[in-house]
Amino acid sequence: MKQVVTFGEIMMRLSPPLNYRIPQASSLEITYGGGDANVGAALVHLGMPAAHVGCFPDNAVGHAAVQAFRAHGVDMSHCVFRGERLGLYFLEVGASLRASRIVYDRYNSAFANLQPEWFNWDDILKNAQWLHWTGITPAISASAAQATREAIQAARRLGIMVSADVNYRRNLWQYGQKAQDVMPELVAGCDMVVCTEGDAADLFGIKADEGAENSFVSMSEKLIERFPQIKQVIATKRKTQSASHERIKGMAYVNGAYYQTLYFDINPVVDRIGGGDSFISGYIYGQQHYPAVEEALTFATAASALKHTIHGDVNLVTAAEVEHIMAGNTTGRLLR
Amino acid sequence: MKQVVTFGEIMMRLSPPLNYRIPQASSLEITYGGGDANVGAALVHLGMPAAHVGCFPDNAVGHAAVQAFRAHGVDMSHCVFRGERLGLYFLEVGASLRASRIVYDRYNSAFANLQPEWFNWDDILKNAQWLHWTGITPAISASAAQATREAIQAARRLGIMVSADVNYRRNLWQYGQKAQDVMPELVAGCDMVVCTEGDAADLFGIKADEGAENSFVSMSEKLIERFPQIKQVIATKRKTQSASHERIKGMAYVNGAYYQTLYFDINPVVDRIGGGDSFISGYIYGQQHYPAVEEALTFATAASALKHTIHGDVNLVTAAEVEHIMAGNTTGRLLR
Amino acid sequence: MKQVVTFGEIMMRLSPPLNYRIPQASSLEITYGGGDANVGAALVHLGMPAAHVGCFPDNAVGHAAVQAFRAHGVDMSHCVFRGERLGLYFLEVGASLRASRIVYDRYNSAFANLQPEWFNWDDILKNAQWLHWTGITPAISASAAQATREAIQAARRLGIMVSADVNYRRNLWQYGQKAQDVMPELVAGCDMVVCTEGDAADLFGIKADEGAENSFVSMSEKLIERFPQIKQVIATKRKTQSASHERIKGMAYVNGAYYQTLYFDINPVVDRIGGGDSFISGYIYGQQHYPAVEEALTFATAASALKHTIHGDVNLVTAAEVEHIMAGNTTGRLLR
Amino acid sequence: MKQVVTFGEIMMRLSPPLNYRIPQASSLEITYGGGDANVGAALVHLGMPAAHVGCFPDNAVGHAAVQAFRAHGVDMSHCVFRGERLGLYFLEVGASLRASRIVYDRYNSAFANLQPEWFNWDDILKNAQWLHWTGITPAISASAAQATREAIQAARRLGIMVSADVNYRRNLWQYGQKAQDVMPELVAGCDMVVCTEGDAADLFGIKADEGAENSFVSMSEKLIERFPQIKQVIATKRKTQSASHERIKGMAYVNGAYYQTLYFDINPVVDRIGGGDSFISGYIYGQQHYPAVEEALTFATAASALKHTIHGDVNLVTAAEVEHIMAGNTTGRLLR
Amino acid sequence: MKQVVTFGEIMMRLSPPLNYRIPQASSLEITYGGGDANVGAALVHLGMPAAHVGCFPDNAVGHAAVQAFRAHGVDMSHCVFRGERLGLYFLEVGASLRASRIVYDRYNSAFANLQPEWFNWDDILKNAQWLHWTGITPAISASAAQATREAIQAARRLGIMVSADVNYRRNLWQYGQKAQDVMPELVAGCDMVVCTEGDAADLFGIKADEGAENSFVSMSEKLIERFPQIKQVIATKRKTQSASHERIKGMAYVNGAYYQTLYFDINPVVDRIGGGDSFISGYIYGQQHYPAVEEALTFATAASALKHTIHGDVNLVTAAEVEHIMAGNTTGRLLR
Amino acid sequence: MKQVVTFGEIMMRLSPPLNYRIPQASSLEITYGGGDANVGAALVHLGMPAAHVGCFPDNAVGHAAVQAFRAHGVDMSHCVFRGERLGLYFLEVGASLRASRIVYDRYNSAFANLQPEWFNWDDILKNAQWLHWTGITPAISASAAQATREAIQAARRLGIMVSADVNYRRNLWQYGQKAQDVMPELVAGCDMVVCTEGDAADLFGIKADEGAENSFVSMSEKLIERFPQIKQVIATKRKTQSASHERIKGMAYVNGAYYQTLYFDINPVVDRIGGGDSFISGYIYGQQHYPAVEEALTFATAASALKHTIHGDVNLVTAAEVEHIMAGNTTGRLLR
């Protein structure tokens, strides 16, 4: 099977045990993740080959990050070891009415300082069937944006599917260019996007029609009109009850039709980081294994629901486990 | 007071911390338990003497298992140290809609390879008032089934009460005999059994009357008709909400009358392994300390509910703590 | 800003990890806390200066307790190092229907054996704006009661506000005097008290009028009548659902008017010890930062709700975090 | 085989992980031990039955201590559950030139407050072959001294061997009687004692002859002369290199002859608490399994050396493991 | 660069923390290793590509083992997922004069039950330059021995170097064939072997000449005479001081010449499992990067010395780190 | 007593448990330290008041660092909360012949970006008797160098003693100025310096006379000649045996006389970070408490030796503990 290739930054995540606050912690638990690499790693666990492309400092911390994703089975052979530091973030896990809180410490990372010419995309993508990126990558630095651009161009050239999680984070864009100027060109090269109404409004000035029956549908129609390469728009909707209790459903607008799932109830939430990434990997997998959009979408949403019960950024579940949930086994009966 | 004697395999349980999956774990938490030994250990914590009979490898692992049950106060003096290995199982603890999952690794255990002649049941039972076994034991090997048979015969000979948790596990029966051939003779020697409608159907071909008002009652009547030594049939009914949220009630069919408790709500569940065993130990204790079946049954169900809040296989609660719950103190107010 | 000064015993709290019972534990987690010192420490985290006055053994354990509160930023310079031992308590954290349970081991502590003359209250209070104490302190020993008396007298002399959490614990009063004889004089010197209907009945024989529309109001009116220095009576009301699920609201009777908040829902509860102390610190802070009693009370109750999600006795939250809850952000959305 | 019976206090030991100091610790590791109970527990691991007699608070902490010794296989059925608290001590483990340091917190313990009449020694000792006590027990309280006295008298009456580790700790004797008045009568009832030259001088005014070739021999001769029931005096000599490096040899004066072993080198020391207790248990075992004093003494010293490599107070080694060392296998070659 | 391919069983290693004994442990630390796979993994860390061939149960435990070696960067794509269980072993880490101790639990493992036809060696070795195996593999089962035979034959056919660690473990050979019958044919196909004088005597009846100046040389000469394909015989010599202190030197007999290194002193030893495997990987690497045998041997021995300071079975060091030691930097000065 | 004031960067130190390498770690232990702040914190533990001046990000990580030093009792009231991130470093702790290894990640820290005008040195130093800084501070950024310059000028103006650990780290100086240009002016303002022969040569071109009997003395003479304000030059000399075994002695050149101590042997080393800082704090304390330089120097060296047995950067020992070592008690006998 051909690979799904992801491109983006992998960071070290440092988190106090349980629900401790950082000043209480005498140790921090570490995991490694990135919004794009998480998609690839989850795909491998589901059963599809994936490769990730990134840039890491050539020190123990950088190698630790790479080893973590190699353990998942991701092909890391295209990664580059240059630069000063691995980006990192601190996560305090909340509970009940106290929100989880992230402190980023990612500036000047090896990935932010990458040079586009370090990556030969024609070579990287020669065994690929799919390229996935997120809106975080072009937000990090001009060179990361340029590398994203080149990757998309190569993918188009080679006839490879391209998907993006547009994921607009206002305070990341600090290198002098505006998301509104950079993102349209990149998104224009995509076949499938994850995009919320908020993202569409902020990035592209696309607003659902007032009074539209379904604002996601309205937004999706306009998005596809603007970017005709896009064939599918997907997203999750969260009804967050508390830091410990989440409800999510999946939505898709595909070929002019709207699909949605029922809400999945997740209580308690073990770890909600990477919930969106696992939705995407579930959808990529689902598309290739189910004839109906409904099924692919349900698979994706069930996978995302399961992710909320998994520690770390990456969705460590098999396709069989997701199908078990799809089949309605959501009461958690002990499996022997 | 005379002992309750249990017979069966004790295994090492290996479980990642918290809700981690096995490949994430850099360490595994260990506890020791067995469906029968758990009953005895819980009885000691409630205040009744108990002895367990088993077979262990004469190495650090076997001795660790024995020490764990000695710590509970169980008389382990009849245990035999022979054989190669301790059976073990890996437990991944689920959460919310992700089920807990067990990987067994128990074949060729010291217990499976025991020889019936190593156990002199007349001697073992000379201080006993009660013998308890589970359907797992005769499922493990022909010799374990034979030793169970001999234990029951000795108990009957000595006028000692016999109880069983019939607990049919299809994939355990792999030594060439069928549960349907072995179990009837063993169950015939019991005064009290834990048996669900599914167990009765699978093992004895006993099905509740279609259209019966209460299928448990219908099944129990037929079971007693077939095995007239049986005086009491008990069971719990679970309304599993999720891997983290359980509701249970107790049911008993005694002397032609049906009893049930209200549902106990357990949210969150700390550890559901051993929930059934704690129900049985609660019922054995309750029977001897309460005149009314209703009370014994409520005690048993409250004990089982409490077990779901206790880490490990064994119910580490005193009779006073169970009675505190029986008295309606289920809101968990801090006790100083 | 002038200091809030607290006086009382700080104990070592020893608690098994997670929901383990003590005999299961191979290690105990330690934190340090005291009903009064917790108030001061939380105030520092909210942004107000505080000092704590106590007495500690001059050994590693005593110094560890002092260092813990110095870390919070509390001025510990008035503490005395004399005596034999630090009081301690063991806490088993329950779950669901199993209550948390405390085993005290605090007799003969350095604090219990303090001498009143070791504390020069005029000096201690010279930078103070507020003195806070709890009903636990005069319950510990005659000398502790006397020191409390002297502290209150000095505060009154210096025109400093005095508050108390009357917090009647029957089984603490074991040194030969009765709470009913000691407490009235002390409470008479207070401007603000935390007092429940139960406390008022037990300590002062004050009972809400039968048939009163609101028993808290009725009690408060009588309390103020008896102790005219008191201007404000506050309390929380708990609807404890289980050891893991709590609902609380705040109540205040101020200048003849009654105020209450909506219920805050806390599920799951991470740690409920110190929930009351955090309410008090929230109210002291709130009073000085909000013109309206309603707001101060909501701040206090939101602070207390947040405390239930924080490990340890002390409420490690900033004023901004409390205000985030006050503003209705109780669904725990991830903060980046 | 008949039991070795020990009598004394078991304490909870609280120790920071690794070489941390107490104020650095966020958790404390707990083990349970006592100078006498350690002897019994080690004997069980060596293969001899033992019972321990003590007094514990009837709370989770007291039961945890009893369970710990039941796990070792010690018969705890004569223990009494009465009193307020379990004695405890804090241990900071040193390293290299930094000494380990103990902070005791044992006053007012359940054991200190025992009543002698709670113990029926004729019944307790009816299956015993040996009674062992230490000088710590009569130092704790008058009632503990009295119970020791009664135990020794019963043992003499029943013809049971009595041994003592005289172990003089000056600052323990605080209840109004002097060690010098209490100990002689107790020691007079012993057949075997562990006694250093320092102990003999401090307790009995017995000093080795000046210029004696071997001061241990000189002291032993005089001790036996004073207390003619004593047949054997044993002790270890330590050449402590650092907190991490110890050298010990065993010495015995038996029937007028002096025996000593070579030095055993222990580097690094894992845990030196209980090193003396393991020497005694080794000697009791050795006496019964080796015809020659030399061998019993070497066994005892090898056992004590091994103890220094075992975490906790109790020597968790089998007789075969000690014999492996006796046979010269001290280079630690991996055993498969 | 072409791969070094290893073949053999990977086991889960379960070890109490620090120097605890198994019955003391409430958790066991897990790592994964195998005498052959360790060689490959260490080579990847040194900078050479490696692949491992093995057989694993298709459950969480089997996948965990594979992920661990994928993390090292070993190509695990030829591994097969069939069979019941992963072999495992328990390791108690000794200290000072107490030896470390292993309890094996490896029978009936997925690897032991492999079928030779599952492995297409011509395909597996098509990118290989080297095949390495150990004497443990043919000891496990007849089918494992047959697969080893086929692997060697394929390697010879393809002109690939073959090496073996003959590593005779008497009590492993339990499937009905004798090592003395099986091993000669296998060893005959090797270019390089690790073989001690003991191994040679036990397996091949080859004894160093009595009175030989150097028994390793004498043995090596005879070994090469018997198995003329062998060009190099290497081994380490250990002067084990204690479980915590090791001294090792390297020896090689190559083209009729004898080489040895100085002794490397390792004190303390962090983890000695895999010390031999790291010597072999060091030698394979060294051979290809240094012109002189002396240097390759020193590299190998320095690598092995470093391994003793690394936790787990695999030598996690870079070539630069080994060269730092080779250059004489053995005093452990802090590297910034 | 007046304060010792230190100025410099405090970093988070992230270290795998035990001797693990970073890619093996699932958690990292955190402590906080800085070459200058460590001196102040150790002084507080010895019994002298200290204040530290620094700059921290106003997030959970910055506050955690400040709380850690407040816990030590250091006055942190002059610290500023501005900037983006806390500098951090990763530490892999070596063993035996494997060196410990540090990976710095400190660029763009809040401290590096401080503005000199944020610090009013006349105010900060108004209760000070001593100012201490290290050569790391002016190496970080031009503004940090400028603030150091202003602090020294203020100290000189106020008649306060100034000391420095010149501590030249070549690869830190990256902001465009050379150490050789910046340091002389700063060192010229010092009364006491820690300076090795290497530092003097690299920074000031000062070399000991060839053939000098004692190169430290020769260097010190020239240093004092160049910088006449300096009255005392001190340093430690290490004979590093391995990463686990250190020997250190103290040297001082004071008023034309040379002093040195014997070597202190530290085996094993628990944590060598901060060994130099503890020497300085010991010397500052020693100077004020001992009339003779020899004693102050021995105190300082004993303090530093003890630090090697303490986890973390800060020397957590009392003056009494240092004096215990000074008195020759280096064999680590258990203290009860």
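Note that the chains take the letters A, B, C, D, E and F in the order they are written out, and that residue 1 is the start of every chain.
In this text, contacts are C-beta pairs under 8 Å (C-beta built on N, C-alpha and C of every residue); 3 or more make two chains touch, one makes a residue touch a chain.
Please read all numbers here as calculations on a predicted model, not as lab measurements.
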Chain labels contacting chain B and also chain F: A, C, D, E
Fitting chain A to chain F on CA atoms, where both chains share a sequence, rotation angle to nearest 5 degrees: 180
Between B-C and A-E, the pair with more C-beta contacts: B-C
Repeated interface matching B-D, over half of the contact pairs identical, chosen among C-D, A-F or A-E: A-E
Mean-CA-position distance for chain F and chain C (Å): 41
Inter-centroid spacing, chain E versus chain B (mean Cα positions, whole Å): 45
Residues within chain D bordering two or more other chains: 21, 23, 26, 67, 71, 101, 268
Footprint of chain A on chain B - complex, ascending: 18-21, 23-24, 94-102, 104, 169, 240-245, 268, 272-273
Chain A to chain B touching residues, read off their complex: 71, 264-270, 305-306, 308-312, 316, 321, 324-325, 329-336
Residues of chain F defined as touching chain A within the complex: 14, 17, 21-23, 25-30, 59-61, 63-64, 67, 84-85, 90, 92, 101, 103, 105, 107-108
In the complex with chain D, residue positions of chain B that touch it: 67-68, 70-73
